[in-house]
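Sharing a structure with you now.
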């Protein structure tokens, strides 16, 4: 789970500039999670988006090119060891089959797209302890028959 | 990924009775995903909840006991092969690190609880194809120092 | 890689009746590979399709119900050991990255859907040895930005 | 899944020259997927093919030698994590047994060669969304008895 | 690595009849290793071969059908634990790359077919200890370019 | 499956000198597969053999020492991905148990040594396509009782 | 299980200064195990804690920044090979289910938090051989129903 | 992670009798976690302890014999999927190296025994949420030199 | 790691008869570890040895046949979880390379046979705690050159 | 299974000095296998032992420090591929359960310590081929009850 060099560079500049992902969201007009995905080289930006990002971070223009390329995606370790990421893996270990049952009942045989897909994170303030809200929205894709 | 016998029995009765998970939601006063988790033996019901469920499905009272036990949880295969469940695994492979970065920035060092946690599924109607909305809400747990 | 009981039953009847997958294709009005997928419980039939299939095989009507259910999909062993199936795994080991490069160049960042997807097998007669032609067609799904 | 240095070099030159794989297809008289396989060091070129490729990319002649060598082939990770490549792995998880059944019925006991084998990618324009067509053609190899 | 029931049945009859694999070789006109492969359900016999085998073993005719089917092939455990079989795995761990180098030099880029393939075992008597001679012969398959 | 530096160096010199493994066989008086095993650091040469090899390749004498050392042996990846090497792995997946049965019948309980062992490769010319002949000869080692 | 450079640097300085973890405990006002976790980059310090640590070790102030970052956590190898760490893994292999049974009986369905969690090590002097006492204390988190 | 039949039988009787592990602790004069380990067949009882346990549960005397046997120990899955047990695995992933460092500093080169070892669970009442306290005590075993 | 039925039967009779492995050693004239290996179906007995063993245990003569067959050997789980067996695995993890270095220095390039091999267990009484002495003796097999 | 730099350095000096492990045994007054374990960084020396070793090898005094540190132990690959080391792994695959049975019968429920443990290698001259004798001696540790 080594972090690519370009990612390290961008994160360092972001820190130095004191910019949050939310700040970048306003500058690029894209969601902060998606922007983080571009920085971690899991998503590809358009030249215009890459330019806005690189300029916001005060970096050299030659980073633009790399951010528009189509990366080889994926985290690496089969079972993630980082506790934050593991919890999402565990959620699927525990609630995967129940989720499948409910989705099939509501939609029929098919899947939720992980490509035509958005992912948002919100903070829910709560006196008993703040909560993390993660909202996934993916197009339902019914299995084609042929 | 073999389905426990009690799960098969409950699902068969549910089908015969023509009850949806949403119907059970109204009867038990619990979310349909959580009820599906009880049926798949990934969550344990209170005696009262188990009674309501077993009666709604027209089954023998001796199923009540089993539904209140604390199950050994987990799906089994390290990498799930069912395409619907795999997509959620892939989402973490692709968006795991970006998500971690955004959560840490918003909340600090800690995790989203997978225990003090809820999971909802909604159908978003969309002329370009309906969308599946999955909403997770977990308490933020900051790492304790000692 | 154990074969489900219903699959064994259906294949035995198909053999006894002397029906080829191509014959079933004519009866159901669906492609033979998809019909084989229904028989191997990797795809779900409509009640009408299930009825046609069960009747063609001269089987009891109570198989119809099971063929319409949404199965837990997947072959099982991580690396398949059967030589015929392994060759397709090897093709991706060898040609996976070249294929990715060509698809990205032609279509941009996205994937080929394995859900909105068809798979056909044809026999190409050839004096130097017949050839197997496998044609996959999947909708291109561009990565959504948000 | 690290990309070999020579591959990076060739892809960079290809980009700089503004050449598509389809352009290289015309120059070398070989299919674009096969050319991509040579570039990713999964296939070996003849000296003449290597020369045409290296010259088209405006690179030094000392790359020719390396492109004619017989590489150690294979992608690396047992289960690919890149979503585009994973979909092809999933196709075999889901449709592997049905495909085996249909091929055996049409051809007898044997396999489709992954060596005497071609792989083409075509774009099917479709108003509901363009489709990727992947055509594989491999010689049928019957199991020898002895 | 559980042995299929039919295999156990055939081996038991073979033992009872006092027939060696070499005896079966004479009866079927096929090599003893191939016959053993049929018995272990790794190869499929013609109806005539199956009949000869079943009759030689004095078994019921209804075994004939099963021996002509195309089996799902493969041993099971990724790394074999039985010492006799492991040695062949070790041979490839140790001599795999040297073998590849010599074959490529003699034949070019391609592989030895494991389908158009024969395997013989001979006993070499030797005063210092008998030797097992294993002779593999597979068609060379050159990589196709396209 | 990274190639050791010394192996790369030796193979480069061998290529430059235009020497085949068969040529080295004549120079060293050892089989070409064994010589390839020395070059890939899977076998250790005597000082005299190492000297002959290093001189034939026109290399510096300080390589001699390294070639006489006892290497840590083994290929690396549990299931080889290179198609040529995989075929030998597949042969054991398919024919491992039949081979075990025939060897036990001919020799009793024991194994074929992979240490007191030779491996030869021959080219069988054949109008229907040349064949690769691989001949293994290993001492039979009966299990000791005590 | 490679040790990060910063960890090596800190441990070297700690050794040179002749400081024990217990000494650092007094300086930082934090438990020695937690401080070791910061040094091994499994926990993140506050700027003040990082400053105290870096100064105690006589290191350059630019290490402070890195120690406050949120690390990607986890040891690496699935089954640890170091005997000291393996024993704790074995304890869970052997006593995991009994522990689960006792915790569920005392607390109900839920888990022990590994986040709101402390870990202490004490030395119990004992004439028959000193004992290591490891005390874990984690908040009980009951499974939420929804 | 299937539960042995004898374990299921004992747990069912324990439930029917309304006995807690703490009750059994008083009857046997052994810690409740150790008794749970006997019930889960991870520890072996003396005939006297087995007799007390079987009688307390009102079961047939022929269970006594089995509880005194030395079991094959271990949980099974390499990475546990049950969230409660996983947390202890995660603790070692995160705090394993820091723990090793502190233990080595306090005791020298050696390990904590997992055999001469005790494990206790206590409930710490806490207004902010009860805490689970797990106390492990193992003999320090220094590495022998010879 | 399931125990074969015949093993369970033999062990039960051995217990009932009150015979130790050492008693069987006297009856068969073979070492107790080897006899245990026959009982666990990891070694094959001669008809005479099988007869002596079966008679000593007072069992039916039809067990004799099975004990003379050549078993599929191996324990099963890649990394053993039983603590007693794991320690031997750990010994190789820790002392494997040093052992290799010493053996190569004393004997040259080769291995210790695990076939022409004996294994004895002795009890060393010691006031500080009895010791288990395990003595392995295997023929040195030098690597053949050819 | 990469060899640490310090190990390579020590082994090179040992070779240059023409010292065998047996020579070092005399100089340090420790067994040769244990000394090899120090050199391979699987065991830690006292400052005095490290000094003797470093001086015997004619190396710089700054190696002394490193040899006294407590290493992260373990070989690496789950299943060793080097044939010499694999044979010991195989011995446990084949004789692990028989060994467990004999040890339990002689000693009761417990294990052989791999920490309070010695390992010796002896050469047994034998006209039929020399034998390697490996003697392990570990303290018996009975499972504690509590």
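Should a chain be cited, it is by its letter among A, B, C, D, E, F, G, H, I and J, assigned in written order, with residues numbered from 1 in that chain.
Everything below uses one rule, namely that contacts are C-beta pairs under 8 Å (C-beta built on N, C-alpha and C of every residue); 3 or more make two chains touch, one makes a residue touch a chain.
Everything numeric here is computed off the predicted structure, so don't read it as measured data.
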Minimal step count in the chain contact network, chain B to chain D: 1
Over-half contact-pair match to B-D, picked out of the listed pairs C-E, A-H or E-F: A-H
Which of H-J and D-F has more C-beta contact pairs: H-J
Chain D and chain E, separation of their C-alpha mean positions in angstrom: 32
Distance from the mean Cα position of chain J to that of chain A, given in whole angstrom: 48
Junction residues of chain H, two or more chains touched: 1, 3, 34, 72-75, 78-83, 90, 93-94, 100, 104, 110-111, 113-115, 117, 119, 141
Contact graph of the chains (line, ring, star, complete, other): other
Contact pairs between chains, per stated definition: A-B, A-C, A-D, A-G, A-H, B-C, B-D, B-G, B-H, C-D, C-E, C-F, D-E, D-F, E-F, E-I, E-J, F-I, F-J, G-H, G-I, G-J, H-I, H-J, I-J
Interfacial residue positions of chain G with respect to chain A in the complex: 72-76, 78, 114-115
Residue numbers on chain E that touch chain I, as the complex places them: 1, 3, 77, 79-83
Interfacial residue positions of chain J with respect to chain E in the complex: 79, 81, 83, 86, 90, 93-94
Chain J residues within the chain H interface of the complex: 30-31, 34, 43-44, 70, 72, 100, 104, 108-111, 113, 115-120, 141-146
Residues of chain H defined as touching chain G within the complex: 1, 3, 11, 20-21, 32-34, 36-37, 39-40, 42, 73-75, 78-80, 82-85, 87-107, 110-114, 117, 119, 121, 123-124, 126, 128-141
